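Note that chain A is present in both complexes that follow, paired respectively with chain B and with chain C.
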Partner chain A sequence: MSMPALLDLYRVQARMAVQQQLQYRMRNAMVLVGFLTEPVVYLAVWTAVAKENGGSVGGWTSGTLAAYFIVWTLVRSMNVVFTPYGFEWRIRTGQMSASLLRPRHPVHYDLAYFAGSKVVWFVMWLPIAAALALLFRPTLRPEAVEVLVFVVAIVGAYLIRSLLQWLIGMVTFWTTRVGALFEIYMVAELMLSGRLVPMSLMPSWVRDVAGWLPFKWTFGFPIEVLVGDLGTRALLLGLATQAAWIAATAGLLALAWRGAVRRYSAVGN
Partner chain B sequence: MRALRLIALHLRVVAMYEMQYRMNFFLQLFQSALATGTGLVVLALVYAQVDELRGWSRPELLVVLGVFTIIGGVLESVVKPNLVRFMEEVADGRLDFVLAKPVDAQLLISIRAVRFWQAVDVLVGAVVLGVGASRLTPRPGALAVLGFAAGLLFAVVILYSFLLILATSAFWFVRVDSFVETFDGVFQAGRWPIGIYPGWLRTGLTVVVPVGFAVTVPAELLTDRSGWVTLAAEAALAAALAGLARLCWRLGLRRYGGASA
Partner chain C sequence: MGDAAVEVVDLRRTFKVPERETGLRASVRSLFHREYRQVHAVDGITFEIGAGEVVGFLGPNGAGKTTTLKMLAGLLHPTGGQVRVLGETPHRRRPDYLSRISLVMGNRNQLQWDTPAADSFELNRAVYRIPPAEFRSTRDELVDLLDLGALITKPVRNLSLGERMKVELAGALLHRPQMLFLDEPTLGLDITMQKRIREFIGEHNRRHGSSVLLTSHYMADVEALCRRVIVIDHGRILFDGDLAALGGRLAAYKELGVTLADGAADLSGYGEVRSRDGDRVTLRVPKETTPQVTARLLAEHTVLDLTVEDPPVEDIIELLLAAGHKAP
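The block that comes next holds the complex of A and B.
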């Protein structure tokens, strides 16, 4: 299969995703409402802390905190990927057998499908962002270059998070169950990515640990590109680090895949 | 009396079944510990910056976290699994078998499916609550503890009734499982006393989805923030919602077409 054919695959998968997501408008809207509680709770807590502290906490005012967590909602909805639970289901029910018969590596189908569904999610996100902005009054004045880097960084974040969760999902080739491992991943992500709180509010040793791990490139970095004031060097360095993590996770995935396929014996039907 | 015997019988069957899978106890304990640990870290982060959050001290917020974990455990182990099974049965018509039995059907659909090991959350929550309560100054009096216990009971009634009302909408809309997901998200707001939220959200968490109200009121009773008036209001809300749930249940049953529909 050639490169144009691969692009074709992505185009078709993405279009299918858009059409399928459009069928479940009400369902998607409900899921989005459930999603929103998380950042709104974090925002309320840290705004309360800032107020208690006389207006700001660690340099964050209620305006910049609002900006952080509103951009968070966009990054989060662009960050939704195929989960290890989905992987577990495929393995347990034997669906993986069908995927293995396809001419391309199955990861391409997932990457393309979830990328396509982002179109629908983005449209649904727009009115929500407007409502949040009216309610919380964010302070957000990004420069043009920051917006540009943000768009690229979101794609990077999507790829890193997809590949990481695919890797964890692949554990089910050996174990069939993945719940416990995935929960550890979720807690690590919560603490070390800027999902729970801007990383600058974490103790410095936590920040040091986070610097060596992929998590903050999936949440904190894209958000701070837009909300913070990173400077050209930090922006480019960030994109380069994202690229390095994509290469590393993709390499690991290719390597693990060989072992996994050899190991596979269809469970289920 | 018969209802109690029926509940005990169902619990025994579930326990006998789940005892076969003892490993799940440790898995559940691990997950509960992870979730509670996360909550404790967040409290540590907040109280590294301030001594009080909107008038709540650290031990007091520990009490809130404990109450949240206990109620969450009850919802996850008893309320939600039962209602999810009920909604599935409405969708595919298997509810017929329940309706054919000679006991109250609402009772039956509320006690059949219990996720036994998930009740570990209740234990973990009780430990957190105990630690928080032991550090309260002044120590809560016997009356406050009594009010707290009653408040906790009413909170469970409120959330059960609220979720049952949502679930009975399956009689009209058939596929409503996404309501449960949405509720899970909103329930997380109960981790914090509703006083820290902006006004519109506080109203929402009291009136529209009474999550914040249900978790915060017992904690307020134990920490001496509110007294008998609040408890009476909570009791009234519990009674009203339970009545409304019963009404929705009756109307829904009339609408239910059975397996042939």
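The block that comes next holds the complex of A and C.
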């Protein structure tokens, strides 16, 4: 498929996603509130720890912790992707057949759809971020280049997380139930991504392990691009690592997809 | 392959189905030892469909119709035999092949649920890379033929079942497929909508010459659209030929549905009583005597309601089975 045709497909599907998201304003608001609860709890805990330690913990002050978890809410809403549970539903209801009848790889529809829905999510996030900023007084003074890298890193995080969860979802072609595997993924992500706590507050061996895994490039890295002081080398290295993970997961997905379709067409639905 | 749109030779599809008895003991045993049964859903069928031909694919539930359709559409990999559609091997699923076919399943929705069908049509334009002018002209033609009008601007979830099937069909035809697989397109629709859908399919075939393979439990669909039918049961073809020839086998019978004011009356003298549901009696009578039997019934009883119908497709197959008919 030529690039203009692919871009046209993404444009149309993304526009459709915006329309659909606008129809479910209340549901989206509830999901955003859910997203807020998690970081606000983390923020409250770590701010208390910082105060107990004379105003900071591991170099993080109340202000920088507030900045971390407010940016967290933005990263979280931007890295929502099609989950393996969606795969289960597609297989169970036969919707996968409809996807397979189309002449384009189904991953494109999901990437375009969830990318489009971000437009609505971002607009809904703005007042929430303003309220959190008023409440927690974050220390956040990013440079222009950091904002630019942050935007690219958000896209990278979205792609890595999408492709990873698509890979896990594809397990449903063999097992039809993938919930347990996805739970393991979510626990690993919680501990090794910077989702629970800034990675610098984790023990060094955890940081070493996390460096070899994809999770921190979907959460901690984009946040720290904006909140931390990474320096040009770390920023470029981070983007390069994201690109490597995108290439690896996309390659693995292309390979596994062939087997998955063979399996699906062998079992049927 | 010659000019045939579909060529199927000794096509087979076997499924390995897990089997387990009920109860806790069987559940525990199945943890260590699973038993499977081989189900021959399609068991060596051979047929051809010519370019532009409309063929009815009939059979009872579980006969192998949908499995065959899925193999032809590239959704299922055959266990054996050969299949070619439009010169391609379907299960290779080449994008070019998928762009030239369409599979519509009566019980599956391929349109986006929350947005108007017009948006799904626009997505199909991008998916199938239909040039804008061609897209507009095809869409307008389909809107006109199916009398869609304002339906395409309403969210799909707000459409009735029949309306949804109409927009579903339109969506499936936007890329002008050369081969159309229709699996129970009128399932669950009322009589008027069934008629509308089948008129549309016929008209579309006349205009564009696409080949159609249609499964349906409704004989009326098949009678209206197909000169030729293939009857399948237990994965094997029982009959492949002109509908008139199949009708000839059934011409021996008609089914009369009679509701009498005197529900208790004995009607066994008029024909074979097939069923009795309250005051409603279903009779099977020889086709040649149907007018006389109907006249006698009307003359001798107070008839509240009377219908004269061909036997359902299941009965056709029953008759074929009873006759032990096999396709050549």
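The definition used in the following text is that the second predicted complex is superposed on the first by the 263 of 269 C-alpha atoms of A that agree within 3 Å, B and C clash if a C-alpha of one lies under 4 Å from a C-alpha of the other, contacts with A are read in each partner's own complex, and residues count from 1 in each chain.
Basically, a residue touches a chain if its C-beta (ideal position, glycine included) is under 8 Å from a C-beta of that chain, and two chains touch if they have at least 3 such contacts.
Note that the structure is a prediction, hence the values are computed from the model and not measured.
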| item | value |
| --- | --- |
| Which superposed partner A:Asn53 touches (first chain B, second chain C, both, neither) | first |
| Which superposed partner A:Leu135 touches (first chain B, second chain C, both, neither) | first |
| First, second, both or neither for A:Glu183, with chain B first and chain C second | first |
| Touching partner for A:Val197 - first (chain B), second (chain C), both, neither | first |
| First (chain B), second (chain C), both or neither touched by A:Gly34 | first |
| Touched partner set for A:Val12, first chain B, second chain C, both or neither | second |
| Overlap of chain C and chain B interfaces on chain A (superposed complexes) | none |
| Chain C contact footprint on chain A (complex, rising order) | 1, 5, 8-9, 11-13, 16, 19-20, 23-24, 94-95, 97-98, 100-104, 261-262, 264-268 |
| Sites on chain B touched by chain A in the complex | 27, 30-31, 34, 37-38, 41-42, 45-46, 48-50, 52-54, 178-179, 181-186, 188-189, 191-192, 196-198, 200-201 |
| Sites on chain C touched by chain A in the complex | 15, 67, 70, 73-77, 91, 93, 95-96, 98-99, 101-103, 105, 108, 110, 112, 114-115, 119-120, 122-123, 125-129, 155 |
| Chain A residues within the chain B interface of the complex | 26-27, 30-31, 33-38, 40-41, 44-45, 48-49, 52-53, 57-58, 135, 179-180, 183-184, 187, 190-191, 196-197, 201-203 |
